[in-house]
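Chains: A, B, C and D, in written order; residue numbering restarts at 1 for each.
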Amino acid sequence: MIVLGPNRYGKAEIRVVRVTRNGDAHRLKDLNVSTSLSGAMDDVHLTGDNSAVLTTDAQKNTVYAFARKHGIGAIEDFALLLARHFVDSQPSVHRARVAIEEYAWERNAGSGHSFVRSGGEVRTCVAHYDGSAARMVCGLRDLVVLNTTNSEFRGFVKDAYTTLPETGDRILATAVEASWRHAATPPGGTGAEGGEAPTDWDKSYESARQALLAAFAGTYSRSLQQTLYAMGARVIADCPEICEVRLSLPNRHHFLVDLAPFGLDNPDEVYLAADRPYGLIEGTVLRDDAPPAGPAWE
Amino acid sequence: MIVLGPNRYGKAEIRVVRVTRNGDAHRLKDLNVSTSLSGAMDDVHLTGDNSAVLTTDAQKNTVYAFARKHGIGAIEDFALLLARHFVDSQPSVHRARVAIEEYAWERNAGSGHSFVRSGGEVRTCVAHYDGSAARMVCGLRDLVVLNTTNSEFRGFVKDAYTTLPETGDRILATAVEASWRHAATPPGGTGAEGGEAPTDWDKSYESARQALLAAFAGTYSRSLQQTLYAMGARVIADCPEICEVRLSLPNRHHFLVDLAPFGLDNPDEVYLAADRPYGLIEGTVLRDDAPPAGPAWE
Amino acid sequence: MIVLGPNRYGKAEIRVVRVTRNGDAHRLKDLNVSTSLSGAMDDVHLTGDNSAVLTTDAQKNTVYAFARKHGIGAIEDFALLLARHFVDSQPSVHRARVAIEEYAWERNAGSGHSFVRSGGEVRTCVAHYDGSAARMVCGLRDLVVLNTTNSEFRGFVKDAYTTLPETGDRILATAVEASWRHAATPPGGTGAEGGEAPTDWDKSYESARQALLAAFAGTYSRSLQQTLYAMGARVIADCPEICEVRLSLPNRHHFLVDLAPFGLDNPDEVYLAADRPYGLIEGTVLRDDAPPAGPAWE
Amino acid sequence: MIVLGPNRYGKAEIRVVRVTRNGDAHRLKDLNVSTSLSGAMDDVHLTGDNSAVLTTDAQKNTVYAFARKHGIGAIEDFALLLARHFVDSQPSVHRARVAIEEYAWERNAGSGHSFVRSGGEVRTCVAHYDGSAARMVCGLRDLVVLNTTNSEFRGFVKDAYTTLPETGDRILATAVEASWRHAATPPGGTGAEGGEAPTDWDKSYESARQALLAAFAGTYSRSLQQTLYAMGARVIADCPEICEVRLSLPNRHHFLVDLAPFGLDNPDEVYLAADRPYGLIEGTVLRDDAPPAGPAWE
């Protein structure tokens, strides 16, 4: 017999920009919000009966209305607020997932109302709420880093298809995609209710980001796997509120160009930055007493 | 204590093109191969000891060498062949995942050696092998379809944030991303060994694709969820070798433009095709007796 | 003294989809329209006086309203209609440029109302109108083609930086971007007025496209430049209404993989498809009596 | 008769990274170089005779070899060096165009060898050389800026298709693409020969960039055209070495969301950031005594 399995639906990539105009020094929040709901949705799939469906259009409207009603502080609080609202207000919605990307802006030329987008790096979070427990994964993507030295690669397996020479000094470059899970169940999205102390999400984010950067810079690397582990372990060591880190690190190869045909040496100076293929190193670092993740990573 | 969790590594996006030159009517296979290995990799993460590491460069070389040695028939067979090779030849490699994308080409102007890329649609597969069992998920992405009628949307929840009017006739458009799991453990990648009958992957793919297209065209849609279920169910009904289908369907909104300010009606004729936000409908359809998926979807 | 130079403004990427519902066999036009106007616009630049500015929002509205009022046949006619309207209706607008991209769809599964996007190839046109003369450039982009043989490359300059070996047989692959200029001033956009015979744009487009494909397939290539010229010359030879062709052909390198380290030969079978860098061959082919282009290529 | 018109060929997107290792504080240059040559190339197009062709592969090799031999200072010097080399060393090459993009990096965590990519903004230059005169256009792209106030839009034409209300306060946002032409013929690429004083390209770039940012922040905007002119004029006023500026400014619309259906006002707080369509404002600002541009903008 054919049956319905796991499913969810929502509105993806709701682009909301909120301006706070306290005097002349305005503040800007620039988000990309995606919502996903699931619950008692068998009928809509099997018969097209929509009576349990909160439309994706209404989900979008809620994001804009909440931006006005509640403001937007840390994206994690906004995500939790939305996730709780959808589940608590709709009997047919049993679980909500709210993912937010935040784009950073800096002040332009000292002006209070003019801004410049800062960089390609994006801050992320994913909140889950199921009516009783909330879960929070934070992260970033497109943080592009490169070490010009302190990276070697040798002692690896040599099979019949291995031609790579060992190297004692290479460029190590990657675009960090990292996500980290908070151990505690966050209290209410507004920070007002709930039994546990509220998290200072901005401070926690900044600590985790700095840990990633410091570990990348400070690790003498024998492999990108070793660097990955060092980065994850540093986040956990520096941030007691975080219990698990997942990293996806493309190895952006920089090949030393052979200039011998032109009568030139190349003492680790001139590199070709390659696109594809690239190595892809993925791994998880966690506390051995991390609580169960539940749906946090879905 | 901080510990290492699940991890894998490999070479992503190895672009291989293979030409078969039997007489004047050449044949072309155009693939994008990504390999991922895991196993006894604790040391490389914890100490940078690479003695268990088959380099991603060797993985790449293997793809090219196998394309020459074994040729490339169905991408599923090539993926299984590679996955088995990595696990069977390296004691430290316990599991392999090989994902392949295939780009289609048609003959150009009746020529035996000239080809035109056909469309944005991409055929995909992901093979897993762990030393005993192999698993296969096939699929496609970027199959863009649109119905101009036979789609309504009404009877949904009206909460305080619902402004969407009900509609009895709308455009329904999506870019299909579908993956389907084969029930049987595939035999050896070469088709030579193994206890079960080999699958005709090309025939199975064509059946699944036709089922998706026919169900999209033929379903009177009360919601995209209903269409999703109909598409998945049709694949399973038409392809007995497939036990589970996962679909991700962005709802590419086409808004009827209000032309009243210009003294014009708009009887379902002129639409604005929107980019973001979009609805996103995700769901699984499966046989109730589908065997456990194991790592097939990872 | 600082002065204002050439300028234009408009609305870019207006996505309009039009459905024609004659009985059960619907017809679908899917366009991306960009408008650009120029004229007596000094004041808006110098003082912010907008009294000469037809808003880009009104330009967008006009596109949608005209899609309803006039329908959409060939994109060239629709572009001319719009260009003429903007210039003829606004005294401050002296010149209009309307560029349109068209995305192709095929019928799905024999259905009259279900469609599948066909391919990555895009049909294009750019119409110019200045109050007296109209000009038309048509074209296409992302037509990806590949020859598996009949391409050599030798006899080139060998300077101190040349290491490329000569080759008697290589893969030749490119993504064709082509534009062709029509010699005649097109009559009115509606095809109704104007002194010259109306062009059958669809037929002309199909002829030019077939000429490009046939020349690519049929030319024994000693260089991509030679193939470019053959393609342009074939368009002009086959289409008397076209006086000039411009081609931009990236040389998508396919490198024969050296499999000797693995004890394998590679008799023109297994290739690596490279991303960057790529060759880029650009050229113009025209009739020696082509009329002046004026602003046609801007 | 069918004839060959303007043409050029080269290697596009040569990715070169150069590390300078003076002690512990390394320096990093990360470039994307595209070369284009033209000259006595009729035969290669007409007959496939390649005897005048310096291969695109040799052009690529030259970029890497010159990075080693001459180092890379300002990208403008490197572009001129390459352009002069191609023309001066090959009789068949009469004109060279070298375009370079530079990606910026910052130091990571105070380390001398660890770097972080800074932003999406890209510095650009295009050098032309024809055997006697060199020309230089510098610029940037993807500089994303936004003003939260001091932007109005009113007093525009109201035709039958105008529905846009006038506004006294709106968000103004754009992604600046700017190019500016240097008046003087640059001396030799190495800065050693030539009759005119060498330009301090880095300083000139920084001045132009600051002028763009300051003018965007400081202009009370009645239209994006007015802001465009102010930005171009400021560059020319602040940089006497620059004679012409071309700007392409997409108007990235931010729509104030109507929250009235939810019983909420929206006093310029919550905006929808739209993708398409977007306004596109293009314009040139120049000195009235700017020397002829020649091929500088091609």
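Keep this in mind: a contact is a pair of C-beta atoms (placed from the backbone, for glycine too) under 8 Å apart; a residue touches a chain by one contact, two chains touch by 3 or more.
Here is each chain with its UniProt name: A, B, C, D = Uricase.
Computed from a predicted structure; not experimentally measured.
Q: Compare the two sides of the subunit B and subunit C interface and say whether they are made mostly of the same residue numbers, over half shared, or of different ones.
A: Subunit B and subunit C contact each other through largely matching residue numbers.
Q: When the C-alpha atoms of subunit B and subunit D are each averaged to a single point, how far apart are the two points in Å?
A: 39
Q: Provide the C-alpha centroid distance between subunit A and subunit D, rounded to the nearest whole angstrom.
A: The computed centroid separation for subunit A versus subunit D comes out at 31 Å.
Q: Using the average of all C-alpha atoms in each chain as its centre, how far is it in Å between subunit C and subunit D?
A: Computed value for the inter-centroid distance: 24 Å.
Q: Among the residues of subunit A, pick out those that touch two or more other chains and give their numbers.
A: In subunit A, 15, 61, 65, 161, 163, 261-262, 275-276 touch at least two other chains.
Q: Can you tell me, using the touch rule above, whether these chains form a line, ring, star, complete graph or other shape?
A: Its topology is that of a complete graph.
Q: Could you list, by residue number, the parts of subunit D that touch subunit C in their complex?
A: 1-15, 34, 36, 41, 44-62, 65, 89-90, 92, 153-157, 159, 161-164, 221-226, 228-229, 232-233, 236-237, 244, 246, 250-251, 276-289
Q: Mind listing the subunit A positions that touch subunit D in their complex?
A: 15-21, 26, 28, 30, 61, 64-65, 67-69, 105, 108-111, 113-120, 143-150, 171, 210, 213-214, 216-218, 254, 257, 259, 261-262, 264-266, 268-275
Q: Touching residues of subunit C toward subunit A in the complex: what are they?
A: Spelled out, the residues of subunit C in touch with subunit A are 160-161, 163, 261-262, 275-276.
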